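These are the structures in question, set out in turn.
Consider the two complexes below, in which subunit A is the common component and subunit B and subunit C are the respective partners.
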Partner chain A sequence: MVIKVKTENEKVHEWLKQQLEDCADIDDRELKAGDKKAKIIYLKSVTDSQIINRFIITPFYETKDTKEFMEYVVSFPAEMEPKDQHEALSQLLKGFVIIFAENKYVAFQAKKMAGSGVTEASAEVNVQGSPDALTENLEVNLNLIRHRYQTANLKVELKVIGSISQSAAGILYDSTKVDNDVLKELKKRLDSIEAEVLITAGELEQELSGRKFHIFPTVVVTERPDRLVKSIEQGKIVVMLDKTKFAIILPSIFQDFFAAMDDRIQLPLVGWFLKGIRYAGLIATLSLPAFYVAFAAYNPEILRVQLTLMIAGSRVPVPYPAVIEVLLMLIMVEFLIEASIRLPKTIGPTATTVGGLILGTAATEAGLVGNVMIILVSAVAITNFVIPINMMNFSVRVLRYAFLLLASLFGLVGIVLGFVGIVVYLSQVRSFGRPYFNILADTNSRKGIS
Partner chain B sequence: MKKILLFVCIAALLSGCNIRDVEKRAFVVAMGVDKAKEKDKLEISLKVSLPTGDPKAGLSKFTIITVQAESIAEAMRIAKSKIDKELDFGHTRVIMLGKNLLSEDIKPIIYWAQRRRDIQMISHIAAAQPDAKTVIAIQPKTETIPGSYLVNLFDREGSESPFVIPEYLFDLQRKISEFGWDPVLPLVEAQKDNLVVERAILLNDEKMKVTLSPDETRLLNILKDDEIKSSFTAIEHGKIKYTINEESSRAKFRISEGNHPTITFNVKMSGVLEEDRVEGYFTKEKAQEAARLIEQELNRKMVKLLMKCQKSKVDPLGFGLRYQATHVKKDEQEVWNELYPRIKFKVNSKVDIQSTGIIK
Partner chain C sequence: MLNNRYFYYLLILNGLVNSVNFVPRILVNKNGSLIAIFVAVVIGTLMIIFTTKAMQSFPGKELPEILEPLFPKFINKGMILFFSLHWYLFGAITLVSLVDITHRFITPDVNRLMLAFGLLALVIFACQVESYSVLVSIETILIVNIPIFLYFIIKIFSNEFFSWDTIREVVTDAADMPHYTAIAAASFIFTGYINLVVFNRLFKDLKVKKIWIIAISGLLLLLAAYLIPIGINGIEGVKHQVYPWLTTADSNRIVFFIIERLLFIYYLFYITVAVAATVLYWHVGLRLLQTSFFKKTGKKFNIKNLLLLLIFVAGTFFLIQLDQFNFMKITDWFIRVRLISEVLLLLMLFYAVRRAKKA
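Right, the complex of A and B next:
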């Protein structure tokens, strides 16, 4: 009886198979031709069979012996030699083929690129300028950035976050312009992330911001490579997470959330005007419902008599107090917005039309809400979309209700209180140690301090 | 979080009954105060606008609430029981004082209005003839919103009449409490179903002293240095020759003391020719003649007006205040009181006809 002593190779092979026991997509095959012998193991779902055929299986039968085959394989830049079986496993999961031959095992990259191609930006649309958006693939994204920022100073550091998701995060910055304090702080925070699964840039944003409860986003989440490049040029740091279409920019200040990429394309005067419009939109969307309540319930003397009488007239058939009226309509609009976001693109407009037009008209005719109220609610909904960055958009949407509450409790004073509160809050917020609400800051300054 | 919730709950209770929605308020757009027939009683009339549910129906409906009481504050309490809504004075832009009331002390009424938080300081005060109640109840055909007729006139938002001298509540109060400046109130006259404002009433700090004619009202407006458009006619031997449309005017005065204390007015105005009843083109000579005629007329009338004020011991242009401001003496008020009745007036007017219109 011959006692077969398992070689190191066989042990690793066994172990790997054990680890991936119930995975239907594992493929484990032996290549044999004459005295040539090799074993390969890989996950079919994450590897590209063409690459395996072309660079592993075909050469195996064309080379003289296993040694030559191994030499051939090792010559590829895609080849890696794992330190131990654990690294081999993680590489296997990433889309590597582990080849066992000649008493050693090597990993050969045969990743299947299931990523989508470069598509047009959908969350951050602009009129002119590049339509490209980031893709789900980190390498494609890096490619998009590199093409737009061709300097050796653009550094890319890779870090793995998420103990289960193993998401690769690329930290991009211009080494000559970056603020090293922020970079250090970022790395510290990335290291301290304890999440198991991290899939979206938004989650990363929350993990990084270091606060449990915050109203305003402190880093910009964007899908536009041109915005990323502009930020890198300004000395900011970009963190790109693999498998997500969005990247985050930090440190960011309040103003960044109100800048669209169009602003740079337009003439300066037009750019300023657009910016002004956005801030006006911010104030309007925050305070209009609150003003209505404050006006209708507390201080009807602040408006002109025509308007007062008109609002009073429109409210005559309304059975509920102004706060309830506003709240009802606002929530109705929120439903509309939510519904039209989640609906397929083909039904979306229909839902909005049906909901918005018919509901609004019918509600006023039935006397459930005043005419003025409908105008106001639509104005609020529209002005809200003026803010170009999605996350800020949502923050403002929520904050509106705080203003409504304040106005319903304290009237006009409540609104003033709300604005004072926001300014106080914003002033103490820091984005990676940089003052967040630095309105007078030079946005081109890399320090974020004027 | 618990603390925040607690705070919200408590805050919600704090507001209590203060919330009164806009449709549950009755907006008093104009208010009239008259002397009641009973002795020592006031008659208060409130013009309350009635909002309608349909915006197409217009906003011009209103009702009048009349209350008689010893004091205005008391009248307000009584008025509350005459309407189902809360009276809101936030839009009371016009307060009318009946002419019969002006012969008594108007200070209490002004001070009451001043003290109210909700009556806006930019409210207009005017005198009413025959009485405030009648004037308030009239709705001129062009009035679209209750009370807007008078507000438009006084604000000079709509018609810009040289015969209207508006008086704000804050200004009236200031003039009453200030030395050497007396208030002028516009007089609103009810004529059938229309309101006419073309005269002004001069008051000393308490009561009515003299009523000005429309022409005098216009001249006072010019002397007040208000930027007001008006027209002046050059008359020679009782025949109208030219009329100019005055477009801008400046009036400045100087007080000189000495043996013959005088107040010298320098009035400069410029305008456009509007009517020429003399044959021929409007030449430079004719322009000079027209200007000279108007200047003479103005000088004469203005001096007369100023002397009228002097005679009735009122000071609507603030001479006394100017004197006090430019003289540092212990007894400048007494000196002025002694000086004013014997001061002389001199008016130098300068008329500049800038254009002849679009024809020669």
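Right, the complex of A and C next:
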């Protein structure tokens, strides 16, 4: 937009400077060569100085006059013309350079990308699948998806969430396969988000799911582009948040959390076996401590005599009831896991080794816990990590204590009640209005019924 | 819209839960039960055919909606109250016998009331979820449990002390007149279809194909329910048992396994199936009462619902404090009355179909 009165240009310049008072990273300089005159203003922290040198400052001194310079600048696709000073300010904050010359001002994109390049997946590792993970940059992520899903049906809609963080969220879906009710519902929920700052995909998941107290995640949070593409192909919707390495997939079903991306690489029989192992791991990690309590405290006669005697024998020096024993060890293992996640890589192994040794050998020798208990707790800790998606992992970790409580109150019956309760709970959970759990993974039979 | 397989789950669940608790006790105590079983198979199959046919003329409708144009309001409400009492009573009876079994056989250390409280908490939570969710839960529980049940059956038949001679004796003595209670008890196995009064809302075009499979599997289930306890306990011995199937299960031993007593495998199967059945029946009872007495859109829905559930719970606690003899009497009466009410319901459905066709 050309501003007729010359002072207008200066006014805008003054206003911008005023707004960014006390910002140490602002750079406001005048370019001057003979008759040629121009002013540029930009934030050093978000702009790339090389771009500014190469595309703005050097051409300024090489062109004949300011008019030619402006024509040169305008020819770039990175150039934009702000409507008014407010837009100019927001562009300035995003990493644009505002150029004042020839009675008008234009914005020139010189964004500095502080994101990392495409790296290998770290939270969701697999053996033979593609190693790529998402990056912090939405455009790079879109690129990763588009390369794997080359059809015009792949639609990308952008929405801005968070009144201060101004995070861009990309909604990706295949227009021929998507469930339109879910899409509508998603947009409605995205619009109703009132958070000021939204940085991680996990926060977005919580804002979207609506319910405050739910134990199972209803959307998959993942960092793998291949998983995203697979989901889009199944008619699901992917929401990618700029500046995070994670995207969310919705609507999801319970079984999604137990599928790893290299399952399909394996031979079918092996794939089935691996899936079976994961569900067995789920049941084991949920119920082993509870079963121990039930067997030791309520129903020792269930097991065959040799086993019962062995458990009883290992508990001989233990001075408290089985529940306390289990609880003590489980909490110690939780501490160990928490500590080894947060510790720097150099200290991590030491801590776990020391912790493992103390918990394992010394505790049994001191008679604080039984031998069988140690084996059980380590089995529980290991089986927990069999579940491929992290969020489900953590849910299961919490649920284990509910089972422990039930077993300590009702014995064996409590565990059964717990499982029935979980089945009912799961079957009434909805992910964006779609059924979440069905043992045959047939959640389609109900489309259309509200 | 819902896949028709869910209808069969209703049948299977009801068959499984009944074939092991009250039904065998009544069958082994009456003469002429073998004939009664065959009569019951015929009655049960016919009931399934007729009721599903009648229900198909009202796709997507519940019983209160079907009855609405037939009679004046208060008769309708009275009927719904009468019928829903059956569902409630059946759920409560199953729950109370579950408490009794658990306390007697599994965890004598746990207080009965405490146990009842735990079970009720679960059932009250579960019976209030959407109808679809109830079906999905039942599906899950059945798919997990049917292998356990098959293992159990195979294990018992392979028991070396299973007496085929006793069974031959039963078959050769079969010529007695069947007792009405035995017929009513045996036909109870087929009653799962009755839950359509609520679930009909979800099935858009329900077609029951291959009815003979249902009939034959019902017959096999009944024969197993009747003959297995006799084969293990003997004709006279089994009459002393309150829970014939539990003592049968407890007389078996698994030699090469971590769990030694077969009772626990059986109990694991029975408790899950029985809890699922209680959830199902209370859900249906609750739904019937809710739709005809207070709508979900109503203002005071929550309060009324809570009151209703409190009545459910209070009734259950009343049943729990009864002694076993009186409790068994109530269940026997329930089983006898049930068949009549079922026929009554069917007749009413026929009347509704005729009215709908005329209009």
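Basically, the second predicted complex is superposed on the first by the 434 of 450 C-alpha atoms of A that agree within 3 Å, B and C clash if a C-alpha of one lies under 4 Å from a C-alpha of the other, contacts with A are read in each partner's own complex, and residues count from 1 in each chain.
Please note the rule applied: a residue touches a chain if its C-beta (ideal position, glycine included) is under 8 Å from a C-beta of that chain, and two chains touch if they have at least 3 such contacts.
Please read these numbers as outputs of a predicted model, since none were measured by experiment.
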item	value
Combined model on subunit A where subunit B meets subunit C, clash or fit	clash
Which of subunit B and subunit C A:424 touches, first, second, both or neither	second
Touching partner for A:105 - first (subunit B), second (subunit C), both, neither	neither
Partner chain(s) touched by A:410 [first = subunit B, second = subunit C, both, neither]	both
First (subunit B), second (subunit C), both or neither touched by A:305	both
Contacts of A:258 with subunit B and subunit C, given as first, second, both or neither	neither
Touching partner for A:435 - first (subunit B), second (subunit C), both, neither	second
Subunit B collision site on subunit C, chosen from 40-48, 58-66 or 166-174, when both complexes are overlaid on chain A	166-174
Intersection of subunit A interface sets (partners subunit B, subunit C)	298-299, 301-302, 305, 409-410
Of subunit A, residues touching subunit C in the complex	298-299, 301-305, 307, 406, 409-414, 416-417, 419-421, 423-424, 427-428, 435, 437-440, 442, 445-449
Touching residues on subunit C, where the partner in the complex is subunit A	1-3, 102, 106-107, 109-110, 114-115, 118-119, 122, 125-126, 129-130, 132-134, 136-137, 139-141, 143-144, 202, 257-261, 264, 268, 271-272, 275-276, 279
Touching residues on subunit A, where the partner in the complex is subunit B	295-302, 305-306, 308-318, 321-322, 367, 371, 405, 408-410
Complex interface listing, subunit B residues touching subunit A	8, 11-12, 14-15, 18-23, 25, 27, 29, 49, 51-55, 59, 88, 90-91, 93, 118, 120, 145, 147-148
